[in-house]
């Protein structure tokens, strides 16, 4: 689908261990049915812009409802007509890497 | 207002000079009536979450309509009940800085 | 100078009000003599890559010395041979915006 | 190790397909011997702050040597004394998620 968003968000008023809050967001993302991948620094979500941003909104609301301060960072790479981007992006880098190594 | 978002977005298929595209987004942000501040690396927008995200969406649509690839980064700092955040955030740092310098 | 970095960093274990910590970093940046601009969501620093990254390192060390967890985000736009980027970048957007508005 | 950095960087003057350039950076990261994980939106690197930042520097230099403009974003989460963070971070979210689901 056209856009891949990498999202990370956490409350700033809940101390050092924020896994439970992050898990709440990840649960929402998985329940959305969109393609996604949990990484050490955020979650990648793939879909059309509107549907991905609707999920980002739900994640934000879920954390804001019982926090006083939430920090969120988001990175989006939109490409017209892209398909299977989550897989395709890392695969094309791996392929390019294999070519580089062959040339050495 | 509760959230400050720093937004930057640009097309990846229009060559090195993307000022005209960035200007289109800044024009949309200013026309929204929300508080905003243009910085060297993005634009800060202040408002309620829903209204700021609606403006982010408009900016994205304006660039995606005639690009094939758009890259967007966004950083949000939401604090319940915050007022005049654009000014208050830099002022509180400047105040803290003055205190530090006095102590030296 | 060639690179503009937007830096934001704060401790995650010091509660909601992190201005004093941010101020420490801003003090280090200003003392570096590099061009800089405090914004509501971070600080922009301009210089050559090596000198800017040396300042980023100092800021990180200053916060890590008495925190147990530090979160840092950085965005860099490097352009060969750029001069006066902090001013030039916002000016070129303002100029493009003026052109857009004239055309309407 | 103490810090996990998520790094993404690409040239802005090489057209739409930047996999070959990203691959060059990923090759440098893997050759460093540090723990790392390629994700759809960047690469996570784990190590001590100094060694991770030295790798970031190498990646930047490798792209800047034959580009005129490079864009780089970096997110760092430093935690004193952390071990096996790349694995531990996603595992603690998965564990928290399992707990949430059990409670429903």
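Order of writing sets the labels: A, B, C and D. Residues in every chain begin at 1.
Everything that follows uses one rule, which is that a residue touches a chain if its C-beta (ideal position, glycine included) is under 8 Å from a C-beta of that chain, and two chains touch if they have at least 3 such contacts.
None of the values given here were measured: they were computed from a predicted structure.
Engineer: Name whichever of A-D and A-B has more C-beta pairs touching across its two chains.
Structural biologist: A-D
Engineer: Among the chains, which one keeps its Cα centre farthest from the Cα centre of subunit B?
Structural biologist: Relative to subunit B, the chain whose C-alpha centre sits farthest away is D.
Engineer: Same residues or different residues where subunit B meets subunit C? The copies count as same if more than half of the interface numbers are shared.
Structural biologist: Homomeric contact, same residues on both sides for the most part.
Engineer: Centroid of subunit A to centroid of subunit C, CA atoms only: how many Å?
Structural biologist: Taking the average C-alpha coordinate of subunit A and of subunit C, the gap between them is 25 Å.
Engineer: What whole-number Å value describes the gap between the mean CA coordinates of subunit A and subunit D?
Structural biologist: Result: the chain centres lie 14 Å from each other.
Engineer: Just curious, how far off is subunit B from subunit A if you go by their C-alpha centres, in Å?
Structural biologist: Roughly 20 Å, centre to centre.
Engineer: Out of subunit A, which residues touch more than one other chain, so two or more?
Structural biologist: Counting only residues that touch two or more other chains, subunit A contributes 16, 68-69, 71, 73, 75, 77, 79.
Engineer: Can you check the complex and tell me which residues of subunit C touch subunit A?
Structural biologist: 12-13, 15-16, 68-69, 71, 73
Engineer: Can you list the subunit D residues touching subunit A in their complex?
Structural biologist: 4, 6, 8, 16, 19-20, 22-24, 26-27, 37-42, 44, 46, 73, 75, 77, 79, 85-86, 89-90, 92-97, 99-101
Engineer: Which of the residues in subunit C come into contact with subunit D in the complex?
Structural biologist: 49, 53, 57, 60, 64, 67-80
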